[in-house]
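What follows is chain A paired twice: with chain B in the first complex and chain C in the second.
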Partner chain A sequence: MSRILFFMRQPLVVAFVLIALLLYLGQTLSPGFASGGQVLRLLIVASLLGIVAAGQNVVILGGREGIDLSVGGVVSLSAIIAGNVMNGADSGIVPAILACLAAGAFFGLLNGLGVTLLRIPPLVMTLGMLGVLQGLLVVIRMGIPSGRAAPGLSGFVTQPLAAGIPGIIWLWIMIGVLMAFMLHRTVFGHRIYAIGSNEHAAYMAGVPVRLMRIALFMTSGMFAAIAGLCLLGYAGSSFANVGEQYTLASIIAVVFGGTSLAGGKGGYTGTMAGAILLVILQSILTTVNIDESGRQMVFGATLLLLMMFYGRGRAMRA
Partner chain B sequence: MAEITITPRTRAGGMRKLLERYPFLPALVIVVALLLLNGFFSPNSLSYRSLTGLLSTYMALVLLAIAQTYVIYAGDIDLSAGAILSLVNVAIVVLMERWGGGAGAVLLALALGLLLGLACGLLNGIVVAALRLQAIVATFATSIFFTGFALYILPVAGTPAPALFWRTYGGRLLGVPFVFYILAGLVVLLLVLSRTRLVTQLLAVGDDQQAAFQSGLPVVPIRIKGYLLSGLFSALAAFCITGDTASGDPLVGGKMTLYSVAAVVLGGSALSGGWGTVVGSLLGALTIGLINSVVFFMGTPSEWQNFVQGLAILVVLMAGVLAGRRARA
Partner chain C sequence: MSKLKLSGVSKAYGATLALRRGDLEVLAGEVHVLMGSNGSGKSTLCKIIAGSVRPDAGRILIDNRPVTITGPRSARAQGIGIFYQELSLAAHRSVEENICLAALPIKSHLFVDRALLKQRAARYIRLFEEVAGEGFSADALVGNLRPDQRQLVEIMKALASEAPILIFDEPTSALDRAQVDCFFEVLRDLTWQDRGIIFISHRMDEIKAIGDRVTIIRDGETITTLNLAETDAASVIRLMVGGSGDMPASQSSAPAIVEGKDGAAITVRNLSGRGFRNVSFEVAKGEILGFGGLHGQGQSALLRAIFGAGSISSGDVLIGDSRFDASSPRDAIRRGCAYVSGDRGREGVISGRPIIENVTPIHYLRDRLMIARPSKLRDKVVPALQSMHTKFQSLFDPINSLSGGNQQKVIIARWLVDRPDVLLLDDPTKGIDLSAKADLFALIRQLAAEGLGILLYSSEDAELLGNANRILVFNGGSVSRELTGADRTRYNLYQAAYEAA
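Let's look at the complex of A and B:
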């Protein structure tokens, strides 16, 4: 019995039970909600969020109040860069991927340097970087058109690639497998948990803490850049601040996945479930026929309710 | 010999002592420097009239930064402060309009606005301190809820505030601009608050929650009170933004939340809690306002303004963190 209770309290289990319940609720409210095509569409949207959340996840796992508020800005920037580099031509896809990854890595590097060398708290550093990125977006937007996605990229994101499933979902599954392998089977992954649970002990044990932290922020920037690229493929062309919503949504997906904001505890599989959960919830709210105001109130209240299942802090004890 | 070796040490110690006693000094230096820069690029901007205008525009951000400061004292954060501001803004505008816009209506609406702010703060306090949800995500969730409520009260921006209200806010009383009375009242309020036990308790909880609990402090009620203060000052900030914009807008505060956090950091307070000053946050908010104004008066091309502002804020944020650490060391 206690084993079942333990099982039921695993964040992953909670997330999947909630996902099943929400799908059922959606199907009851609007028949066809849980149909194959609709679920695939939900998964495409979830994969965009999930890819951003992968980077957010490693930064948070790395601890010391690790958080990346600049991901939304990087997503928007990457969508613009990609749109302009490829500008509707398939031949431009590879250069676009390289350009986006470079931009993501660059801003991640700046975040990492500020956090490690100057010891600025990650929240402050990445918040400031978000402001810089938003300013940069305005500059770029004034100078050049937003650009178009190449048909190859749009096809990859929206059309079935293999077994009737779009390429981006395969990509997400691959990222999920790689993240699980990286976190649990490599030295790099073990070191993330090490610096996340006790930075000082990790340092004494010879972990290059600063380099690790810089690498984590660069990883986060590059994942956000990939998501921006895919987002361009999904939308066809980029529009103002297309990535803004991903900042806090990615943090919520990580929390719903059972990763502690204190660092050192959690994993990516749960985050994937968290991203799906968040997207389904939003989707149900758009199918239900209520005002924007009611939708937001229900969304906020539901988020609070769901948080009750996850990572509540421990009660104070003397 | 002895004197020579001692002199530099006492001087360094004096600087540190000064920083310890007035941790907001770096922020003050930045504000003065920005004022001078403003004056350099546009001498007119240092006139009494322009400064009054600057103050009445950024008074809302000053109050919101102060709201944020009290929760950050306790090591928490309030990402819903801007949403509370929007909610109170639309609530008082709609109430004033419905009740006819007379003096009585205005005062009654303001009283209800304060209560609404306190209620939002109470909700935040309960979910963060009593239910022990993580402050960043929990207050983000409540901010979505508050924004929804604001949209329910007023779906689109535009309902005007009664003339009596904004004329008073932007006008003069006995020859002195009204906003200076607000500033004076604020200073008195902050002085009174800084003498209360609550502020010390908030700082104690932020410094070491476990230790505070073990020494007998009621940690949960204290953190809830921090959020109540935050809700109260967010409501006051809403009054100022209503006076400044003279209308209701359900999304007016959305972008201000992150600025309020930035202002607190600029003021030298520690985001991890346990250390900080409200005066620093006040100066931090003014710094953000002055940066925007300097960038404008410098003649920066319009498309570059946001970028330069973002860069300047990032730089002073770093300066704020480094200076704050220096003072605590």
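Let's look at the complex of A and C:
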């Protein structure tokens, strides 16, 4: 028992040591990088990524090459929907939340149906969906101006809510606790691991494999929608490809956190650390004046590097 | 003249001796039949000849010359051709391409010579022209053919190797009467060309029809080689079974049906589906019904179909008095059906997850739970594991840390938290150790005594004879014989299994 805990904790320990190191590096490169206000700002950005990664996490845990490449598109779509629904008025916040969640659930449902009923590989299905969403965003933006965030939403994301910490970080912490509870203490969570570890055995033990998989993609869509909404609050207004970077980043955060891309192994706590790590890395790259394309290259290389290490680990266990 | 001779060939996998002492001599111009029950070492012997398994000891002679077969390519080079069951065809290529696949004719060192390929393939297609049936042509795609036609292509492909020694491992399983007769004509032609043919079949009538001599293997050892003309089916089966074959299974070993709890646990009427047809039986509460016969005669397919994981085309299943047609395992579990597969790795174990999570899925489903509270679950899981004498350190250790036998006990324990009414056992002891087997059967008898109806398929005849009240022998997808009381003997079991379907 203690041995297992030790091994489970290890990637987390590594992640937090890395976070500390990166903060130190940032501070040396640009004094003030690790100041309280700056760290809070980093955490706000990390929570946006972390919320998208929560959905990505459950899809990947569910196995059978589960991955959701459409999250970036859903984030953008949700930001635009929210902006247009609330259009700067606090009274529009609740309708906006409902509209975003419905949109996220809808596209998740389509992904899930494609993967289960049509047996399209998740990689292809969600990549296709990303294309559809990107096209849709262009169509929507014609005619209708992109909306603005309501002050209440912006306040929730950027201003302290309690104990000097903004609402979105509290929201993220809450999601973290709920995810941990869901994965380890609910039947739904145990079934996610079961289908991710051995889908056929799970089916023979009465797990509704198809329904589960559809639910996972819907969860992913809804988390991406929540993140899109919050992103609007953070940025103030929305534009078509505002969520683009979240596809790759959410996958890196999940893999960084120790979740196996083969499914059935991992959890959300590691993913949270992965999201923080990634955001700090991004911030450092910005500090040393590396532009967006350079950052994307570093991110891509990071993912490949991680896969090399994880791939080797699996081969050694087998 | 001796074409192929094996003497004292042996092969061990780890601690299990698959083949202790294999001897075989195939003469030029004969059809040599190889017989032995499941796990007798017959297929290991074939694999050694075909080069896919390397022997630990022994000598192989071809045309009286000692040879070493290092792999399938080397076997081919030494003149050995083999018929594979359904495994080696390329579904998206044409019949003629498949026939010539092993040695495609080449021109200009690079391109496939289509004309020569057509001509070469036509020679073998012509042999079966009369019996191949509708839709069969040289350019038909193999994937679009019926199973019997695909098997003919396999045969043609083996023939096209023009090897002096040919191995046919159950080549007739999908063929109809006319196709078999045609194939036998072809085989006879081959023997006149002085080729040596090794023939494996489980149909006694075919063996008598085509075979010249038979070599019998039992428990990894060659028992004897006989002239088929001078022997009969009964003595062949007796040799395969061994000395104690005529003794009825000891009566004390099978549990008596519990009185006062009678009434059917499960009734199956005229059930047909993929892999089985027209099966009917009734299992009383407290009864263990055995499914016997050779591998793959419909036993597993039937059990899986009842459990909702196979296909049923017609017929009824009743649990108790109510109709039951499960569309999925989930459905079947809710209705009180339990299924344990011998294929632990694929169908049982949720690998990498804790022991407790391997026990609880059925409980979650039957109790409609949403929240998994470890302390409450522990009280349910531990007694189930203990009743199987499962050895484990902690419920939260990954299941992979257990031995195979203990893993299977965990898989069985998952059905003991909420008792089912019917237990379907699909070769449940495959690959587990003896003490785990003993624990398992003690539990199965106890469950029967508590009133469960149990269906037990086992590839080990001793398990059936020792535990089942009745045995249905399957042959070609249907029940060929029912053995009850003193009829439950090894001899009868074999005879029914090897009879013509």
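Keep in mind that, in the parts below, the second predicted complex is superposed on the first by the 279 of 318 C-alpha atoms of A that agree within 3 Å, B and C clash if a C-alpha of one lies under 4 Å from a C-alpha of the other, contacts with A are read in each partner's own complex, and residues count from 1 in each chain.
Definition applied: a contact is a pair of C-beta atoms (placed from the backbone, for glycine too) under 8 Å apart; a residue touches a chain by one contact, two chains touch by 3 or more.
Treat the numbers as computed from the prediction; the structure is a model and nothing was measured.
Engineer: With the two structures laid over each other on chain A, which partner does A:V94 touch: chain B (first), chain C (second), both, or neither?
Structural biologist: neither
Engineer: Looking at the overlay, what does A:Y203 touch: chain B (first), chain C (second), both, or neither?
Structural biologist: Second partner only.
Engineer: Thinking of the overlay built on chain A, is A:V17 touched by chain B (first), by chain C (second), by both, or by neither?
Structural biologist: neither
Engineer: Using the touch definition from the top, say if A:L123 reaches chain B (first), chain C (second), both or neither.
Structural biologist: Only chain B is touched by A:L123; chain C is not.
Engineer: Regarding the shared-chain residue A:L178, is it in contact with chain B (first), chain C (second), both, or neither?
Structural biologist: In the superposition, A:L178 touches no partner, neither chain B nor chain C.
Engineer: In the overlay, answer first, second, both or neither for which of chain B and chain C A:T186 touches.
Structural biologist: A:T186 sits against chain C, while chain B stays out of touch.
Engineer: Of the two partners chain B and chain C, indicate the one touching more residues belonging to chain A.
Structural biologist: Higher number of touched chain A residues: B.
Engineer: Once the structures are superposed on A, label A:G114 by its partner contacts, choosing first (chain B), second (chain C), both or neither.
Structural biologist: Touch status of A:G114: first partner only.
Engineer: Show which residues of chain B lie in contact with chain A when the two form their complex.
Structural biologist: 79, 127, 131-134, 136-138, 140-152, 155, 209-210, 213-214, 219-220, 258, 261-262, 265, 271-272, 303-311, 313-314, 317-318, 321-322, 325
Engineer: Within the complex, which stretch of chain C touches chain A?
Structural biologist: Residue positions touching the partner: 307, 309, 328-330, 333-334, 339, 341, 346-353, 357, 360-362, 364-365, 369-373, 394, 396-398, 414.
Engineer: Where on chain A is chain B touching in the complex?
Structural biologist: Where chain A meets chain B, its residues are 65, 67, 69, 114, 118-121, 123-125, 127-136, 138-139, 141-143, 248, 251-252, 255, 261, 291-301, 303-304, 307-308, 311-318.
Engineer: Per the contact definition, I'd like the list of chain A residues that touch chain C in the complex.
Structural biologist: Interface residues on the chain A side: 1, 4, 185-191, 193-194, 197-198, 200-208, 264-265.
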